[in-house]
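Heads up: the structure comes next, in structure tokens.
Each chain gets a letter, A, B, C and D, in the order it is written, and its residues are counted from 1.
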Amino acid sequence: MSTAAAPSTIGLYTSGGDAPGMNAAIRGAVRGALHLGLNVFGISRGYSGMIAAEIEPMGPRSVSNIIQQGGTILKTSRSAEFLTPDGRRRAFESLRAHGIEGLICIGGDGSFRGAVEFYDEFKIPTVGVPGTIDNDLYGTDLTIGYDTAVNTALDAIDRIRDTAQSHDRIFLVEVMGRHAGFIGVASGIAGGAEEILIPETPTDLDAICRRLEQRAEQHKTSLIMIVSEGDEQGGAVEIGRKLGERLGVDFRVCILGHTQRGGRPTATDRMLASRLGYEAARAIAAGEANVMVGQVNGEIVYTPLRQTFTKKKPVNHGLLDMAAVLAE
Amino acid sequence: MSTAAAPSTIGLYTSGGDAPGMNAAIRGAVRGALHLGLNVFGISRGYSGMIAAEIEPMGPRSVSNIIQQGGTILKTSRSAEFLTPDGRRRAFESLRAHGIEGLICIGGDGSFRGAVEFYDEFKIPTVGVPGTIDNDLYGTDLTIGYDTAVNTALDAIDRIRDTAQSHDRIFLVEVMGRHAGFIGVASGIAGGAEEILIPETPTDLDAICRRLEQRAEQHKTSLIMIVSEGDEQGGAVEIGRKLGERLGVDFRVCILGHTQRGGRPTATDRMLASRLGYEAARAIAAGEANVMVGQVNGEIVYTPLRQTFTKKKPVNHGLLDMAAVLAE
Amino acid sequence: MSTAAAPSTIGLYTSGGDAPGMNAAIRGAVRGALHLGLNVFGISRGYSGMIAAEIEPMGPRSVSNIIQQGGTILKTSRSAEFLTPDGRRRAFESLRAHGIEGLICIGGDGSFRGAVEFYDEFKIPTVGVPGTIDNDLYGTDLTIGYDTAVNTALDAIDRIRDTAQSHDRIFLVEVMGRHAGFIGVASGIAGGAEEILIPETPTDLDAICRRLEQRAEQHKTSLIMIVSEGDEQGGAVEIGRKLGERLGVDFRVCILGHTQRGGRPTATDRMLASRLGYEAARAIAAGEANVMVGQVNGEIVYTPLRQTFTKKKPVNHGLLDMAAVLAE
Amino acid sequence: MSTAAAPSTIGLYTSGGDAPGMNAAIRGAVRGALHLGLNVFGISRGYSGMIAAEIEPMGPRSVSNIIQQGGTILKTSRSAEFLTPDGRRRAFESLRAHGIEGLICIGGDGSFRGAVEFYDEFKIPTVGVPGTIDNDLYGTDLTIGYDTAVNTALDAIDRIRDTAQSHDRIFLVEVMGRHAGFIGVASGIAGGAEEILIPETPTDLDAICRRLEQRAEQHKTSLIMIVSEGDEQGGAVEIGRKLGERLGVDFRVCILGHTQRGGRPTATDRMLASRLGYEAARAIAAGEANVMVGQVNGEIVYTPLRQTFTKKKPVNHGLLDMAAVLAE
């Protein structure tokens, strides 16, 4: 966390997987920055557009009527070229050509890794805004898009529950989360799931089989099991196969996939995104550099960008214990 | 279509895949039948419960507060045993033991096949109510559950569109419809899909490739293609693989799966289900037998049960031509 | 219904109250017309913008990504000036200045009245597209926006039902429909309402009181009554007051109001709007004039514009009889 | 906050206005208490049912499939009788007759006032669970139902925005909050409202008029103003009248009303409710009495019941300053 001469012209980009609320964050950052007297440029398609100099000025009306839209009007991408010194050099030159002296990056861990490296090389102050449905960034209680993704998953789980109950079936529902079980835990508890399998905890298939048999004896034959895609025993298809082999029972699998990324953001995501975008503008105007703006216990907190992905945000294991009791 | 001595005691069951609106149909049939002075029994789990004599009397309060619920309170199943003469014999005995002289069956083609066979053997008058999300029954413009399924698919397509546009990606979205493209056509047109692949029309992958290349030249790089699960070229995964090999482009696949079956029914499904359930009660009270009650051009129509699955309900090819123009 | 020399340049406008699906109709009309080789201008704010010459050319990308949006990108208004000969003269001159030889008007009865008068005076061929949530136009089974409005009302009714049941209360829910009870009938039946009060049927408050007392005796104390705003006994507030005086019971009132106008259109509305917009383009290209394009029994039908508002589309009274039985 | 001999039989009730998530809290409390070996009784209709001895035992299946339902399966009411010593005496006797030694009360400030008085008189240990959409209880960051209510209001605001923009109109949207502006602030910021009027801040109509005129000069003529029902200048109707008189402009008013109370709870509300219900069971089993279980900064916190309504939870004024900037 360092402060430097505050920039008067900044660039704003979204990067990595899109997340609902990114547009609200763009709106917050643009209007916040303009209010503080900064010039604002929008950079399209993340680092790809930075390299290709897809850069346009933004005014207050550039962000009208976007707060409720999923996706990102600035588009996003994953750039292989930015991983090379030459790509970053070209990106720097694009920025310089537009007089951009500071950056606001809305994205996740991969995007922040790039930003750190870029800062190390070119010293352009960057402020990060946590935008990822996975909620796996240290330094903020919630990331932008997570609440919407959980509610989208929950809506699907509720639908699947209708069929599970009508047919007395067992469903494995795979939710997003390659490295973190946050979506799994929240949608599982809120959906009343009987089992929740996440990367952070060991998945004991034998114990699961025992519980399933126990439930079958109690004639509780309609069940929903949530599987985070990154579970160490595999995704829902693989776990369904393994359990099916042991129990000789048919498991239905539903992979929620990309539907979890899009859609109108929830109130929580719009509030959070508006606030973090706005606070990122204030941070960069105050000379902050190389930090992420997060919300912890309701307060705005700056965390060094590198820590956001090197430190691990833990899931609340107490909630999993509770979930086991509530599914009884 | 035949009329006989009207029964005074009837049984009601749901069968086959569950569909949103089945509960509204149950409510319509029960309250309609009670109003006409009939005794009503609910049979659980379709033909399985008929064989196992899982049969309970239903009163007006049995169906309170269910009109808005997905799934079916009577549960449903697919019964292998009912396919055997012995199974059907046992089912008949269950009915006789309860004094059931007529049946209302809410289900799809498989359920109606069973009903026809049962009628041929035991002459218990049966009236069918079309309950399936696939909309593939002859004798009714809409089946119960179809409108909800289309809107659920559409909601997912809208979400995926956010990501497709943010990332400039091509998505293959697989919707339900093993034998019929109704969900594919409706959700595709309503979702503004660029391609719609259904079982009823030949899928020409070469032509699709040409159109994709043309669009790429026009820089229209974010696309959504709808694939009915029963398309003759395969499901979305297989078609994605085939197209990917030809074009060297990455296709994202999203299989909507069972989420399409559940959820609160739409207004259209609740209206339709209430009406068809109610009319089924009137039909059976009037001595109708072996017919399905459907809605055609806003009017109630009786169709011999066998015709509902032997005759083919065509998709509207003109709509597909229109879709091609509108996606330009 | 008359055919004339087909225009090669057309103008498109939305008029009257906005309705979900209007954007899908705009998209259908624009892409349909361009496909047929026509030049297309978009006229902003209905007749007001026609008079003020707020007219811009539209291409295929003008209507990208709007199919899922509520409201109308062309904006709409009610114009007092167009009611005067001078206003219409100025509107005509605006059109002539842009070379516009034909019009597509998306709107309701007021908009079509204007279009008929304009046609009588200036002979510019106009094709109407029925866009109003009220569904009160003759010549089409459904108007654009109606299905969405009904589902929005239904969503509210479902929410209110939660509270009605938790508190054993009676709610009066006022839905839109100044002259027609279509929204009331559909949302009432789909919502399982115990009473449905609409302009087309006499509202007998004494009979309602008797039924309420009867239900109270049966301990059915949580009730929902739907009131169309145009009921001859008054809106929900007034009817609540009248019933409250007679029964000495407290009625809760909820007026759904403008929330019924907006929101993402349903699949049915997007399909219908896409089709009618597209068919309006085909009609005007074929030389049709002074007709509305509607959908009747699944088929495209042309109805003289004047008939759409002079002839009355009846509600289905049989459905109201059914509703009374199903609410028992 | 006091601890006593832990009860072995408890009663559970919901009281005051219903809130989405109350059922999830009931489920959490029942299954949590049963897991700890307690006997659990459900008391219907709050204090009314406590007086009338509407008390039934609850097992783990009593709360199956309710986590996703709005309202409360235990029903709720406001009891005038419980405000009298005689009423409370009778309530106590009902509890004693069932062997109930402790209570879990899910409700808001009025319910907790009753609980405190009851405890003072009869020393039955009571643990409160904050269930109210208004979020106006001290001792918890969020109350159960608040997140759902905000999202319901937001959904309505989004719909109204469609019409506001299509017609260039100003809408006053009244949201719930007789004494607190939490719903107003959150739905206003998330909805991108141009003005947010709440009870906690002075409402300066002259300043609002100046801002409206300024916006009109900037041709920003489509606006949404959020009014909490408890604003000191009046509700939306009255404020619309006052502003209309000053500016000679037409304001549209939409009162969201009871729709904000119902509906499927959001993921946040289900998580929170599950956790607080479960923790209430643990608290009462541990001998806690006369406290509310809340969640503050992610941790479970006990607050003396009386403080929850005597201490004021402040709105975040910084968010309102931000909202003013973001609406520019």
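Note that contacts are C-beta pairs under 8 Å (C-beta built on N, C-alpha and C of every residue); 3 or more make two chains touch, one makes a residue touch a chain.
It should be emphasised that the depicted structure is a prediction, and the values quoted were computed from it without experimental measurement.
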Most distant chain from chain A by Cα centroid: C
Chain centre separation in whole Å, for chain B relative to chain A (CA means): 36
Where chain A and chain C are represented by their mean Cα positions, the distance between them in whole Å: 40
Interface hub residues of chain A, defined as touching at least two other chains: 158, 161, 165
Topology of the chain contact graph, where touching chains are joined (line, ring, star, complete, other): ring
Touch list for chain A against partner chain D, complex: 24, 27-28, 31-32, 34-35, 60, 65, 67-68, 141, 147, 150-151, 154, 158, 161, 165, 186-187, 189-192, 264, 266-268, 270-271, 274-275, 278, 297-298, 316, 319, 322, 325-326, 328
Contacting residues of chain A [partner chain B, same complex]: 14, 17-18, 20, 22, 45, 69-72, 75-77, 152, 155-156, 158-163, 165-168, 171, 252-263
